[in-house]
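Presented sequentially are two complexes of chain A, the first with chain B as partner and the second with chain C.
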Partner chain A sequence: MKKRVISLLMAVSVMTGLTLSGCGNTSSAASDPSTIVIWHDKEDAVAEVLQEQLNTLNPDVQVVLEKKSDLTESLKMVGNDPNSAPDMYIFAHDKIGVYAEMGILSPITDIIPQEELDVYMDETIDAATYKGEIYQLPIYYETLLFMYNRLYMKDDEVPTTTEELYQYMQENTAGGHYGFVEQHSTPYYAAGWINGFGGQILDSDGNANLDSTEVIDALNYHKKFVELMPGETEYATVNTLFSSGMAHATIAGPWMIPTVKENGMDVGVAAMPTIDETGTPIAPYMGVQGVQVLRNAAEKKHDSVEKVLRVLMDPEVEVKLAAASGCAPANESCYDLDEIKNDEVVMMMKQTADHAVPMSNRPEMDVMWTVLGNLLTDVNMSDKDVTESVKSAQAQAESLIESMR
Partner chain B sequence: MKKLWKLVSSMLMMAMVVALMIPKTVLAADAKDMRLVYAQVPSDWANPCVWAWNEDGDSAYAAWPGEAMDADANNDGWYYLYVPSWANHVIINANAGEVQTGELVLEDGNAWITVTDGETFEASTEQQTKGEIPEYEETFKIHAKVDGSWENPGLWAWSAPDGTNAFEAWPGKAMTADGDWFTAKAPTWINSIIINANEGGVQTEDISVDPAELWVTVAEDGTCELSYVDPEKAAIPNITVHVKAPADWDAPNLWAWSAPDGTNVFTTWPGEALEADGEWLTKEIPGWVNAIIVNGNGGEVQTADISIDTGKDVWVVVSSADDYELFYEEPATTESASTDVTGTGSEEKSGKSNAAPIAGGVAGVAVIAGAAAVIANKKKKSA
Partner chain C sequence: MKESKRQQILRCYAWAAPSLLLILMIVIFPILYTGYISLTNMNVYHWTNYTFIGLKNYADALLVFDNGFLKALGMTVVWTIVSMVLQLVVAFVLASLLNIKGLKLKNLYKTLLIFPWAMPGYVSILLWKTGMFNSQFGLLNQWMAKIGHGPVRWLNGDMSAFWCCTLVNLWLALPFMITIIDGALQSIDRSFYESAVLDGANWLERTFYITVPMIKPIIGPSVVITVFTTFKQFDVVYLLTQQVGAKTGADIHTIMTYAYENAFITNNYGYSSAVSIIIFVMLILFSVVINMKPKEVRD
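Up next is the complex of A and B:
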């Protein structure tokens, strides 16, 4: 079964690699052991910090950061072609399984001794690990945050439990204003409720787990909150409602904070409310951003790759990223520094990370995003029976995963 | 009741989108970002206002005649208003904009403007009024439309539960007439209001409010409806969508919503059936809709998202799941060119783009988690 996954991915990779070889702009860099090409999809503020730090390797090693909007698909196509593939890439950890199965990644521990990775938060190393190998050097991580507009919700009104949140929503949803909004039917956001009930979307062996009691309980409990929110809650909807002052509070990513501050909002961040039913806080997914090394580069440019990794291991890089873009450092020692301790948003992410669940990095997760999305639509927007919908979704997920394998 | 709430909510959502398209409005500001503008106006200049902008043409206020000034009780004939500091070009006007000064370019700091008439006026940074100048206090507007028997409506506002009142004595602050509506401002620290009239002889119940511009419609018996969006703007008339679908699309349906707020017209996918009407299939939907999908076979085949202008009837010719044409007038013939699913071609035909102003309104939310975005975009289609 595993062979078939690898074979399929390899076939796609080889075919597309052949098709695209010569089209990339990395072929000259590919043969130069002192040039390292890193693909990324990061915002300018992050890229600028990274480039500045990596420039310290000049002239010994020249590092070229290339922003790729279609990074994940491009890697699938050219990952095995040394002339077109980058040497490294910076991305969230959740695609590690796909590329590891394709055989295009090198374990980080082939370059950096594992004991040197002990400085990183356990959760980030767990996220970087696939089938026992560490494929990512963590740099920073992100979690969703509970945010509130202090114009409406005072600090002492912030709900500490979901029942308090529900009461607040009932009292403050009127006339087109909402007490709380979230992307209730988007898997990445709904996962926080499922995780908080102890549910799993995908288990550690890559099996769909939607028909568990925990998932059913979570979906049933969550529905009463959904009823007090707009019917459709896509990304733009929720963010617009919150940033334009139509909603008092939301659960959103830290990337939203600069926008709302620019709008003049006095925005607060708080710990996730504890779910009364379970005694566990809403537990959002954690995405760990880090650098992955492609196998070809690890073999042919080992020394340059190691130098790049060691620059990125400097805690100062993570401190600068926190200042530039609110990135929460993966290196535990950063949290002893005043610059980090005084950063309200970063420290709240650290607190949230105590309960956050790293996104699965297994290839099967690609299937689950779609199936769970449809399940949430059925339950939250079409008012279908939760148990029946869950059974149907579980069957669909199992079928799709089986086909994938 | 739930349906009514959903309808009201939907209308409000559309108006929210409209509000987001306003070029530049005052959202919140510290005192350091504001300047005090005083004006002494002729006695026949009623309800003076400030219209303000910067040299780039950004207006501080959404519409002429701008923001109403408050009378200074300690300085007869003088009115004042805190204006964003960046808006250093001002016009003082009155009588609903019928009389006005010319443009004044203000120096840094507070300004005292003496208006003799529309042609004669001057500004000074030297204080021209007696006593201390009023402190800046962030405020928001409260609009009320009251029954005809309610005369001279007033606003009473306070902070609950501590009971701190915004105004000195009942019945509070007189509201200024503006068409069918009356308006007054209250400080943002209040959370409860009463609309009253007839010198306090009639009044609403206590109304809990958020400190954001709001509209209250008051009936004769004092019952009222609260909205955070201008009901007049939300009342866009219904439109009719005309569709020609591929012959192999069984029982075509229409799915319609408002982007980016995502308010759906129909409760469940694939929406509601299009009805035969001559050579077209038609469906009447709310005028606030700005995005539709035509689908068939119970939702198994569908177009891409089709952006449409609000408040306009549309004609959509669907050739296949990947091709459609969009018109704002009934096309003479519908058998020729097709358009790619991006809708670019349709925008050229209609001569304008729906997407642009909305995209501008949500420019700050462009950064998105990849996985979440993919699922969100597929949600309606896969329902």
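Up next is the complex of A and C:
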């Protein structure tokens, strides 16, 4: 009898579990028009500033910022499900094409009139535009920066051209110390060299463009620099070398500056060296961080969404973000303020942004990261022939893009 | 009143129904759903308005199974055989050592040997990558520097990367195999060994004529499970050598990493599902072959 009771209890608990798991995703926030859930993947300093500003909407609108480490994949899974999806998300602009094609995004101009977006830098609005529609309200942008450790590289030693950089590397690379390091075979970093040569990884129609003379020239030229860098290309090795003082200079994101300053480094930032071959500076990718609105929220919570967007449009938010985490404001008017003008890192990003290239926001870019990564590895780390490798990468990219469609 | 046979069967199924339902939901349904998606054109451009396109994805998926795939398949078979042989031999030796009569601190050794199990695989793999194999900071290169050798890029060449992956896989898999073999060894009646010693059998003879035949049926299912996890291994090879932004230059692929790079990154779910189903069928066939008993046993 006892066994029967236990079995019955177990069966009931399994059934209850199954039933409840079906209800697990139902969120009361989803149906409450005054609650807005925003997913993000930002560092705590950024999230705290945003939450503090958005709390000013209480009690009319409650905004919940939820950090998601796998935001992009989660959105693909639940983007169409109003019970599980967020109302908005804050992320870089490069995934806009994927979600716009999936039909889960609402154009920002459905909520904020387009003329009100004129206050933003043109590059940021271009980055937010996919097939003629603006899907992102820009907040700030990031570009890579040339950074140097003043203990080893004096301000007057900072190379202004790539040949000066190469000479500095030759003179200062020995015995586990490096004159300059970068994530040489990582697409996001190496793209600066390709862009500087006028090359394009993906054209505006979503076609792979790796087998161009510009890309081949860039890879050939870049290779001599790679030979004076460590074998590894990943974030941890490169940044540890710089932050531990074993590398004099690097090209890295602004997010690295607080860490190296905490370590006591007197870090300087400078303009990107000009490539002697082309006369244009290394032109890194620009990533615009902003808020996107999901279609369901735009339809069902229009007023609350608009209030949230208007808080985020306040230039004060961008000024606070710049102070908290070195974020470069997307709102042009911020650059007239003294707080921003006096911020060396932000102003250097603004200068770099003049020739930086916004990452493509087309869905095809998803496969280009892998293909370009393989190409860079083949050329820089496996010493394969550049022209042959480029041809093979182009063929792989075309095949994968074909598969996408 | 006595229950009829039919009623008994029905009652058994009724009691098992919740568990069967659970298995249906978390095992069978995803497979069937993947099969369904593989027959549609579901991708970024047809996310909600996808349509039935028959076997087109399978025809396209076969293009993935090109020379590169065959190379990856060969590598996967070699990887599985080498990993299994090493796991069985090393785990057997260590488990035998743990069973030496009068061994002190036995429980401490067991805890230490189980340790890799306690760490998430992802963390272990990245620790090996940066802590051991890194050319700038890795322990192996610090030892190389001590003997006057320059830094070695362990994960750069195909062969050295293969052995590094095998080593890390061994580290991750040993706790399971040691636990199983240790349990199997303890289940053997000591009197067999005593009789063998009286008959003059040496250690090698005792091992081959008593230990191995006695533990074979116990460790058999574990070996089959491990063969599968090794065959469809993704994490070790991908994280050590192929991770986007941290590639090492080695061109080694298992069928899973190859399929990932050539199908799954496309966001074409119909096409990726077809590739998954084909790999699934391959694994099922592999399972049938592995479980096939020799003719004399069947007779």
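Going forward, the second predicted complex is superposed on the first by the 379 of 405 C-alpha atoms of A that agree within 3 Å, B and C clash if a C-alpha of one lies under 4 Å from a C-alpha of the other, contacts with A are read in each partner's own complex, and residues count from 1 in each chain.
The rule is short, and it goes like this: contacts are C-beta pairs under 8 Å (C-beta built on N, C-alpha and C of every residue); 3 or more make two chains touch, one makes a residue touch a chain.
As the structure is a prediction and not an experimental result, all values here were calculated from the model.
Engineer: Give one word, clash or fit, describing how chain B and chain C relate on chain A after superposing.
Structural biologist: Clash.
Engineer: With both complexes overlaid on chain A, does A:177 touch chain B (first), chain C (second), both or neither?
Structural biologist: It touches chain B, and chain C stays clear.
Engineer: Just checking: does A:103 make contact with chain B only, chain C only, both, or neither of them? Give me first, second, both or neither.
Structural biologist: Touch partner of A:103: chain C, not chain B.
Engineer: Would you sort A:230 into first (chain B), second (chain C), both or neither based on which partner it touches?
Structural biologist: It touches chain B and chain C both.
Engineer: For A:287, using the defined touch cut-off, is the partner it touches chain B, chain C, both, or neither? Pick first, second, both or neither.
Structural biologist: After superposing on A, A:287 lies in contact with chain B but is clear of chain C.
Engineer: Just to be sure I read the superposition right, which of the two partners does A:198 touch: chain B = first, chain C = second, or both, or neither?
Structural biologist: Neither: A:198 stays clear of chain B and chain C.
Engineer: Between chain B and chain C, whom does A:94 touch in the aligned arrangement: first, second, both, or neither?
Structural biologist: Only chain B is touched by A:94; chain C is not.
Engineer: Is A:33 in contact with chain B, with chain C, with both, or with neither (first, second, both, neither)?
Structural biologist: neither
Engineer: In the superposed arrangement, which partner chain does A:43 touch: chain B (first), chain C (second), both, or neither?
Structural biologist: A:43: touches chain B, not chain C.
Engineer: In the overlay, one of 6-14, 96-104 or 114-122 from chain B clashes with chain C and the rest don't. Which one?
Structural biologist: Between chain B and chain C, the clashing stretch is 6-14.
Engineer: Considering each complex separately, which residues of chain A are in contact with chain B in the first and with chain C in the second?
Structural biologist: In chain A, residues 176, 183, 185-188, 230-237, 240-241, 246, 369-370, 373-374, 377, 381-382 are touched by chain B and also by chain C.
Engineer: Which bits of chain B are touching chain A when the two form their complex?
Structural biologist: Touch residues, chain B against chain A: 6, 8-9, 12-13, 15-17, 19-20, 27-29, 188, 208, 210-212, 214, 225-229, 257, 259-264, 267-269, 361-362, 364-365, 367-379, 382-383.
Engineer: Which residues, counting only chain A, touch chain B once they are in their complex?
Structural biologist: Spelled out, the residues of chain A in touch with chain B are 41, 43, 72, 94, 151-152, 171-172, 174-177, 183, 185-189, 230-237, 239-241, 243-246, 248, 253, 255-256, 258-260, 262-266, 287, 369-370, 372-374, 377-378, 381-383.
Engineer: Per the contact definition, I'd like the list of chain A residues that touch chain C in the complex.
Structural biologist: Chain A residues touching chain C: 7, 10-11, 14-15, 18, 76, 80, 98, 101-104, 176, 183, 185-188, 230-237, 240-241, 246, 363, 366-367, 369-370, 373-374, 376-377, 380-382, 399-400, 403-405.
Engineer: State the interface residues of chain C toward chain A in the complex, per the touch definition above.
Structural biologist: 15, 17-19, 21-22, 25, 43-45, 47-48, 60, 63, 130, 134-137, 151, 153, 156, 243-249, 251, 261-263, 265-268, 271
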